[in-house]
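Letters A, B, C and D mark the chains as written, and numbering starts fresh at 1 in each.
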Amino acid sequence: MKRIAVLTSGGDAPGMNAAVRAVVRKGLYEGMEVYGINYGYAGLVAGDIRKLTRRDVGDKISRGGTFLYSARYPEFASEEGQLKGIEQLEKFGIEGLVVIGGDGSYRGGLALTKHGFPTIGLPGTIDNDIPGTDFCIGFDTAINTVLDSVDKIRDTATSHVRTFIVEVMGRNAGDIALWTGVAGGAEQIIIPEKEFNMAEVADTIQKGRERGKKHSIIILAEGVMSGNDFAKELAEFGDHHARVTVLGHVQRGGSPTARDRVLASIFGAKAVDLLKEGKGGLGLGMIGNKIAENNFEEILNNQKHLPDLSLYKLNQEISY
Amino acid sequence: MKRIAVLTSGGDAPGMNAAVRAVVRKGLYEGMEVYGINYGYAGLVAGDIRKLTRRDVGDKISRGGTFLYSARYPEFASEEGQLKGIEQLEKFGIEGLVVIGGDGSYRGGLALTKHGFPTIGLPGTIDNDIPGTDFCIGFDTAINTVLDSVDKIRDTATSHVRTFIVEVMGRNAGDIALWTGVAGGAEQIIIPEKEFNMAEVADTIQKGRERGKKHSIIILAEGVMSGNDFAKELAEFGDHHARVTVLGHVQRGGSPTARDRVLASIFGAKAVDLLKEGKGGLGLGMIGNKIAENNFEEILNNQKHLPDLSLYKLNQEISY
Amino acid sequence: MKRIAVLTSGGDAPGMNAAVRAVVRKGLYEGMEVYGINYGYAGLVAGDIRKLTRRDVGDKISRGGTFLYSARYPEFASEEGQLKGIEQLEKFGIEGLVVIGGDGSYRGGLALTKHGFPTIGLPGTIDNDIPGTDFCIGFDTAINTVLDSVDKIRDTATSHVRTFIVEVMGRNAGDIALWTGVAGGAEQIIIPEKEFNMAEVADTIQKGRERGKKHSIIILAEGVMSGNDFAKELAEFGDHHARVTVLGHVQRGGSPTARDRVLASIFGAKAVDLLKEGKGGLGLGMIGNKIAENNFEEILNNQKHLPDLSLYKLNQEISY
Amino acid sequence: MKRIAVLTSGGDAPGMNAAVRAVVRKGLYEGMEVYGINYGYAGLVAGDIRKLTRRDVGDKISRGGTFLYSARYPEFASEEGQLKGIEQLEKFGIEGLVVIGGDGSYRGGLALTKHGFPTIGLPGTIDNDIPGTDFCIGFDTAINTVLDSVDKIRDTATSHVRTFIVEVMGRNAGDIALWTGVAGGAEQIIIPEKEFNMAEVADTIQKGRERGKKHSIIILAEGVMSGNDFAKELAEFGDHHARVTVLGHVQRGGSPTARDRVLASIFGAKAVDLLKEGKGGLGLGMIGNKIAENNFEEILNNQKHLPDLSLYKLNQEISY
């Protein structure tokens, strides 16, 4: 394969730039030409495509966001959208593609592979909810971003009784909440994967207060409800002086951590290796510290992502 | 003076620990005994007082919060509360006092000074709104904390149009919003000291969009309204895809920056020098990089704090 | 088992405090008493032992260093030293022990286990070189600390030709150098596990210069040689304007990252579970994201730690 | 004035990008055209000049380094070099210039002003040693970078006696050492502006040890001697187990702090205001929180920079 392209799709994830850099540098190392597609599949269809050089990725490894921008492009689910994309690939002479993003980007990748354009998918989302991998690009950075905020809240030294509710991202996954809850020593973690009872939440806070603990921290995954709604419901069980922190899009930005850059680099280089062998239709993953190559179909149809729920039990035991 | 005491009062401000440390170390250096009072004036009245050693402050300079804890104690505004406090000071043989906190703590300090216990006040609040000083302990740290979040939001690279509203603290002051707005390159800053018109806010966002700018950042001081209320009102002028970030108490924590530690150290040592000379009833400040000694009365009665509004105009010119 | 103890040994590793906290909290959860031993085995022999409460670990999860302090105590290798230690364990009624540190601490743990005091070892060292685990407590934090410095060096924008040599820790292991080299996009990585030739190093720098690259970054593991010696030898091959950065003990400190805290918490709780079952003589590890229980003997006698050398090849391909 | 240009010169200072951004944004706001000159005066002479747009500075405010690069160009001290530069200015129709950097860049600025090209100088250097200003762009960031390392060293919890020598930048100025010494609670600060005696240094360390202090931190300004030389000399007075940290160019990089960005923005906008009025030959400064306009001649010939030496005495009193 002589000419490949790369795009980023879906929500921002720190490390996307490092992944694109690895694809470009490894591609050049293997004697290929590497093209960059702006704005994900929207840009593919529009032909917003250009050749990338070493210089283009020269100062990107430490940068959050993605210099290829990103977009969600639902039209690419349709045959019509896919054919337009293929038209552009043919026009630019591109033979293979690397897509970096959420599993939404894998659907398009599957379609392109079936049409003769081998596509490799790299899991990039702070939600860490793509099947077939223990960790996604962007997750390690996001949990450290949230943790930094939890640490600052823990500095609170006033005598006022307070319940700090930290609403974190995750779509329908509780990964960010679980990891930051354990790492931050939060008293309670509320995630979509676990039933919870507001009366018990209030009771746990109260018990802590009786033990002399003035401040409680609850990490709340957005997939359950918003922080403000949680605070309102909690108030029905007494005045817990709830203060809500909503980091929002802060969680999707920032310079990627060491692990996210290394993960992104390993994935990016591996994608080029696979395309070089003519392989496609695979979503990469890191399972047990070994690279896994998962079929797009498996990822999209069968596999479900589950966070590490042992962390939930662990936190109940050591942070009550 | 042979024995002095120190307390922290009001909301947490990073650098309070460094200030207490400076009072203790300078006091010991001058051959005094230094006592620490927990929980501000509440602890003074309760006699929650103990002698501090070099060891007690040995690892505090980099720590957020305050190891003497803090409290708001409105009862100290009454003569009754003050007399109880004086009782304790006499019981412990304390001759002078350093209070670190908001101007609320200065009232108590004024009363104690009038009753024969010279008190020096150090301005400690992230809101930076204590008269008689350009900068308060905790402000520099808080603006860098907020700035870190604004920087991460700026990494957003998706093609979605978004208006990011970052609600920041400040009570009724716009200092945090002004400084973080300029430092973060936010397109708009909404502060209590400046009238604003939601229609114009929406219009400015729209103009930016027409120029190709997909993402806008608005820094909103909490003294104007909450981020959620702002988003609701903005929505009446069109769909600006507002996303609200509320850092909350994150802004009051964290390891103090270099300037906050140096400011806190200069203030703490100066307080001891003044008490050594028998002086009291003064709130310290840094004006034009020189230490200022302001009478409590002046600070409490006459002077008003104004943020640097030239920053407002500056930002309109360079971040529109 | 009703009463256990915990100590930290060897060089500082961020996350040690979180591990001690997990041992204490899980121990209390299981109805045990948990004692803390200061200064590692030196403190054990000296009887510097006290009961720990929830309060003692209340604000420790985010702190670098170890509040139980640490020491290297070669005397514990002798039967005499071990017997003194056992005397103290019996005196305090301690039935089991958790040791956190380098494999040096495992020798003592093995001896104690053989003498009837089950001991569990948790791998804690920034060098990441303890056999039986992919990652040690402290490694993730250290590589991010180094990476932060490499990122700052990358900002250099002057036109001067420069070769930046960053000397990193690792004893005889190249893990820190490998991971920070890949994450930082360093042009060259010099580690003990790989032969290198200074003439080639100089040649690679020169080739980069001919391609227009003014600044090179070389990550040098201290196990090879010091940064200053490397710079001197490099100078024999031409003037490469070498500038040496030696972070030193900076690498052993700092607030632990999310992963280090989660790893430490998982390990700490697991150690208590094992002691509860009466098991001992095991060094824990995380292999492929699953907890591994390794016999001390295996770790000490047979197993050798190897860093992930695929990263070496990867970096040559994407960062040349 | 309708067309101005901006360049960065000398060593990197975080905030230079923010200053260039402010010049561009304010220039555009005032209806001017703003040109960027790469590589300082070297680029001016070479005609490496291009028009800058809002887009060019769109993502620069948080970036370390300078996107206009920098160079030291001694040839510009000669009339010949200056005339070449003027030729280029005329060729591009540039009427006024903003130079950001050390006072070395002011000499060129003075020459250009005398030749009819009003030039405004902005003080940009982490050494903080440009006369006519309390603070230079880059200083606040550098002291926080160093402080972060000092904090990590302070986490050291091993029982080994250690003297940590942290060699910091500053050319011949002790500003960085003074501020980081106070902020980091270092036991001793060694700066060019103060005589020191190695026997006393050793003695102070020893006294600390006798008081139970195992670890000492000494901040050493590079203008005195290198960290390694200091360690060698110290060793002549006993074994103080010195460990040297040399941050080197790490200190010149990194994302600028809030204050550096605000300072840079205020300076950049002011420079445009002055050029708009036809003024030139001035080096800006912030004195007592007010903008100062200093004649280049004064800065270059008469004024000497002095760090705040009261910090030296303060640290002796509170960190002994």
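One rule holds for everything that comes next: a contact is a pair of C-beta atoms (placed from the backbone, for glycine too) under 8 Å apart; a residue touches a chain by one contact, two chains touch by 3 or more.
Here's who's who by UniProt: A, B, C, D = ATP-dependent 6-phosphofructokinase.
Bear in mind the structure is a predicted one, so any value in this text is a computation, not a measurement.
If you take subunit A and subunit C together, no chain is in touch with both. Although subunit B and subunit D share one sequence, what matters here is the overlap of their interface residues, and that overlap exceeds half of the numbers used. One simple way to say how far apart two chains are is to compare their mean CA positions; for subunit B and subunit C this gives 38 Å. The mean-CA centres of subunit B and subunit D are about 28 angstrom from one another, to the nearest whole unit.
Inter-chain spacing, taken between the CA centroids of subunit A and subunit B, is 35 Å.
In subunit C, the residues that touch at least two other chains are 151, 154. Chain pairs that touch one another: A-B, A-C, B-D, C-D. Residue ranges of subunit C in contact with subunit D, taken from their complex: 8, 11-12, 14, 39-40, 42, 63-67, 69-72, 145, 148-149, 151-160, 162, 164, 228, 243-254. Within the complex formed with subunit C, the subunit A residues making contact are 21-22, 25-26, 29, 59, 61-62, 134, 140, 143-144, 147, 151, 154, 179-180, 182-185, 255, 257-259, 261-262, 265-266, 268-269, 287-290, 310-311, 314, 317-320.
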